[in-house]
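Letters A, B, C and D name the chains as they come in the text, with residue numbers starting at 1 for each one.
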Amino acid sequence: MSLSADRLARAYRNGFLPGSRRTVFRDLSLTIRPGETFGLMGNSGAGKSTLGRVIAGLEPPTAGRVCFHGRDTALMNRSEYRAFRRSVQVMFQDPSAAFNPKKTIGTSYMEVLDLIGTPRPAQKAVIAGILESVGLSGELLGRYPHQISGGQSQRLALGRILLLDPEYIVLDEPTSALDVSVQAQILHLLKELQSERGIGYLFISHDEAVVRFMASRVGRIEDGRLVIEGEA
Amino acid sequence: MCAIIAINFALPRLMPGDPVMNLIGEDAMVTPAQLAEIRAKIGLDRPVTVQFVSCLGDLLCGDLGYSFHLHGPVAGILWSRMSWTLLFAGTAIVLGALIGIIAGALSGWKPETRRSRAVTCAAMAVSCTPPYFLAMLFLAFFAFRLGLFPAKGYYDVLTAGSVVHHLLLPVAVLTLFAASRNLLVMRGSVVQEKNSHYALYARAKGLFGRQILFRHLLRNASLPVITLVALDFGFIFSGALFIEIVFSLNGMGTLIYDAILARDYPLLQGAFLVIALLVVTANIIADLLYGALDPRVREGGV
Amino acid sequence: MRAMDALKSTNRGAMALLAVFLCMAAFPSLIAPYGPSERSMPYQAPGPEHILGTTNMGNDILSELIYGARISLLVGFASALLATGIGLAVGLTAGYFRGALDEVLMAFTDVVLIIPKIPLIIILAAFLRPGVGILILVLGALSWESIARVVRSKTLQVRETGFVMSARCMGFPPLRIMASDIVPNIIHVVLPKFMLATAAAMISEASLSFLGLGDPSMESWGAMVSSAFTKGGFIREMWWWYLPPGICITLCVLSVAAIGFAFEEGEGTTVRVE
Amino acid sequence: MNPVLEIDALSVTFCGKQAVHAVDRVSFSLGGGEILALVGETGCGKSVIAHAVMGLLPGEAQVSGRIVFKGRDLLALSERERSAMRGKDCAIVFQDPSRALNPVHRIGRQIAEPVLIHGAGSREEAHRRAAALLERMGLSPPGNYLPLYPCQSSGGMNQRFLIAASTILDPSLVIADEPTKGLDPGRVREVEDELVRLTGGGRTALLLITHDLAVARRIADRIAVMYAGEIVELAENDAFFDRPSHPYSRGLLQSLPEHGFVPIPGSSPSPVSPPPGCRFQARCRDGKAVCGGQHPDLVSAADGRMVRCWQCR
């Protein structure tokens, strides 16, 4: 029941000439098991975020496979892919862009529930339950994204992801834009949610201390290759 | 460029009516015998690909077809008229770019002052006026009312003084028009760049007032204007054609005007091809200039 | 703050002006003193009977002026609407899906961008002898490229934001993401472009009818200036003939463009100390 | 010894739709060769102080109090007099160097520019000084760096170029506004070394503005902690990190990695309408009745530190 990457590679085309490709990473394999946190470090521009996106299925790999529950995501049929799409979510760095600025938070929450077919009357209770577990009050639902602080925004983004009840979350620098005291709040919240719900995390950060605090296994991307600690 | 040639090739064949009539122009006086001879010569009975290849071959040799209306090869007729238009439009485009950049920079630097607002409003009014109407206003006022300038032609006698005297008014009109369009873009660009971090840092280094504008902002802010001037080349050039008509200058504008009245299609097509060629050239020059001014482009980055 | 106020007042003036022209276009028969085909003595100077005099055909100039608003606004707005529609579709598709589709669409856009519009329209108009419909089609089909480019670059930006990425991640269908997440967040750059495209189309229409390539069945402002120019009004300094339609073109285009610029500046960047 | 910079009861208010009290009666002084770190979270007003000292605030900011630089009150000077001092006597290093450097000019020109602006030498002289400065910074041969454009070098490099451009005229005061934000760890150290080198002669004072406590700990002599527009604690480096006094300072240090990311509950008060009593009271564990009612002043405590708290007296 794991999420794994098998000999992944990703390259971008650089200009129009064929062959002038820029390799971000290659030959990269890792496995995340349910309920555990895999920490991913690396300098800026090393390809951490790209790897996160490829594993979450937002970008296709140039080579290699992403497997969910042992099945190659590229070969999945429609319903399998839909299950994968909902079970693996990403949380992004920038709190100010986590929500559509033209919609209230409540609207952004409800459209997710509409998507997974929760009936309207039941939605209120679901949302209230989620907000409680991320430690926020229902009063925020009527606000627009620019009316809330960065820490609240990251909590709300996390809550919105939890509506889908995912098995894995890729956390792409989730606290890098936050102040230290707020960062500490969010990290504790993430740990709490993991122990309650058994979610697997891919925790991406350039901050070694944060990664070591969060993760049971740690890897580092260097020159396009993944070095997993303890497995050298 | 290929696309333009393709359009040029396709136009007469796709348009309604007899393609031969389209190719030679409706009001040209031809006998049925001549018509048949032309049909064979143009080779409309051959397959389209063959026609296209022969058309390309003609173009490479500089052959743009034959105007049955003016009884001469299109290329020759265009060439004789174009040099004047280029002189007139080129001067105005260069002057317009310079004036527009400087005036736009100054008005964007202090956008709230009364003078800057007045200049901006005037520029907007001018850029919203069809060039031919602007030309008519100038002509009526300076030439008819005040009698300061001649009303028609490029020259009385072919001397530099006479040419300048005749060209001053039309060049002024077109310069004004081009400058006002550039001014608006430059102004917006400066207003935006003014808020950038490097402008703030320039202030922090001790630069004062307009020093910041001229030492730092001018070059960055004029980059969008360069693109505009190139893309606008066709538009301003068309404006020049209209102004020629109003001032009765014997250039391409009047040529096209007469061609329209006479339905002289080969001439129109040739003119279009030449103008398109000029626009492409202008864009290539702009790209080179842009690269020289902005290292980010040379690096292949943004 | 003063700049904002000035902006608002320009905007209000422009809107009022546009409203006047819209009224002229909507109910010409109520406002105009004469019908479009009523004739009297030609070449009259302004007087109590004919406030702005008459043309060479004896038509009342004021009435022609009022009827002319309709064609100018119709051509302007309809072709801008068409252009915006095409531009939005091309820009969104290219920016959202990227890849090869993006490259093909943008190469095509560059070609359209570089074609000199007015000369091409002149040729087309000369071949086709257009009515209003064809004019709108041609103008619309040739002026979408700048909108497409702006929409694409904005879409590229918006699609990288967290909320679009998470919408994709959650499995919302692409069309829904475009309509509900992307378009509302780029519409502020499209709106001014729409107004400026309208203004440009109005100028193009006026230029074409000046060359006698407009719709022959409707007397537009450009055609009025043209006939004043060719039929002797200009040489005889009958300013009441060519001045009013010319000024109408300028004012009408100006009102539309001013609204567009006001939108654009209102969206401009603001200074922030972090 | 006379302080280089002395700030007395500095307040900055931004007048928009709502008046935002960004900085509220802040006082401190800075001596030659000293590094004072102003630390605090986003929105606490630390960058606003930097811009106020440089005179770079936008027009809608209202500044009161006194900023005395080498005996002259800066707020009493005209814009022209201030710009004559900027870049020569006092200089600032911005965060995000790739945006602070002009993208279309060469690095060499940008480093040499202050020399030309302030009439300190000819064009050749300016370039010679720029080259010499880069050489001193360990970037040799300078000929490799001077002709570069900002887009051709990395963020850490650009930050060092920016420091060079700010300090080519040996200003007595350098303000570094988040100079290490967004840099990789190795690069952070290089920038730190550069800043320490600056103050080495004992003439230049450095006001370091940062949210990164680790950087402050490594290089600062004294630490000033800001919370909601006020300084809540001002102490010597060692004293502060060993024995933080103010409850907020303690909470801040606890949320660092080495103390196990223990969070402070709640969030900062709004700068539009700060609470009447102690601004930290709502989040404070040892809050008492007096804290909610009366606003505490910044007073001297033991070992020469200053604290703004009713409970720490």
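We adopt the following convention: a contact is a pair of C-beta atoms (placed from the backbone, for glycine too) under 8 Å apart; a residue touches a chain by one contact, two chains touch by 3 or more.
The structure displayed is predicted, hence computed values, not measured ones.
Mind listing the chains that sit against chain C and also against chain D?
Neighbours common to chain C and chain D are A, B.
Which chain has its C-alpha centre closest to the mean of all protein C-alpha atoms shown?
The chain sitting closest to the overall C-alpha centre is C.
In terms of CA centroid distance, which chain is the most far removed from chain A?
B
How big is the gap, in whole Å, between where the Cα atoms of chain B centre and where those of chain D centre?
It comes to 53 Å between the two C-alpha centres.
Hey, how far is the Cα centre of chain A from the one of chain D, in Å?
Averaging C-alpha atoms per chain gives centres 35 Å apart.
Please report how many Å separate the Cα centroid of chain A from that of chain C, as a whole number.
Distance between chain centres, rounded to whole Å: 46 Å.
Quick one: which residues in chain B touch 2 or more of the other chains?
none
Please list all residues of chain C that touch 2 or more other chains.
Where chain C meets two or more other chains at a single residue, that happens at 271.
Show me the residue ranges of chain D that touch chain B in the complex, using the header's touch definition.
Its residues touching chain B are 54, 56, 79-80, 83-88, 91-92, 94, 96, 99-105, 113-114, 117-118, 149, 151-152, 162, 165-166.
Along chain C, where are the residues that touch chain A in the complex?
Those in contact with chain A are residues 161-163, 165-166, 168-172, 180-181, 184-185.
For chain D, which residues are in contact with chain A within the complex?
Touching chain A: residues 41-42, 155, 182, 184-185, 211, 213, 251-252, 254-258, 260-265, 267 of chain D.
For the complex, which residues does chain B have touching chain D?
196-198, 200-208, 211, 215-216, 219-220, 223, 293-296, 299, 301
In the complex formed with chain D, which residues of chain A make contact?
43-44, 149-152, 179-185, 187-188, 206-210, 212-213
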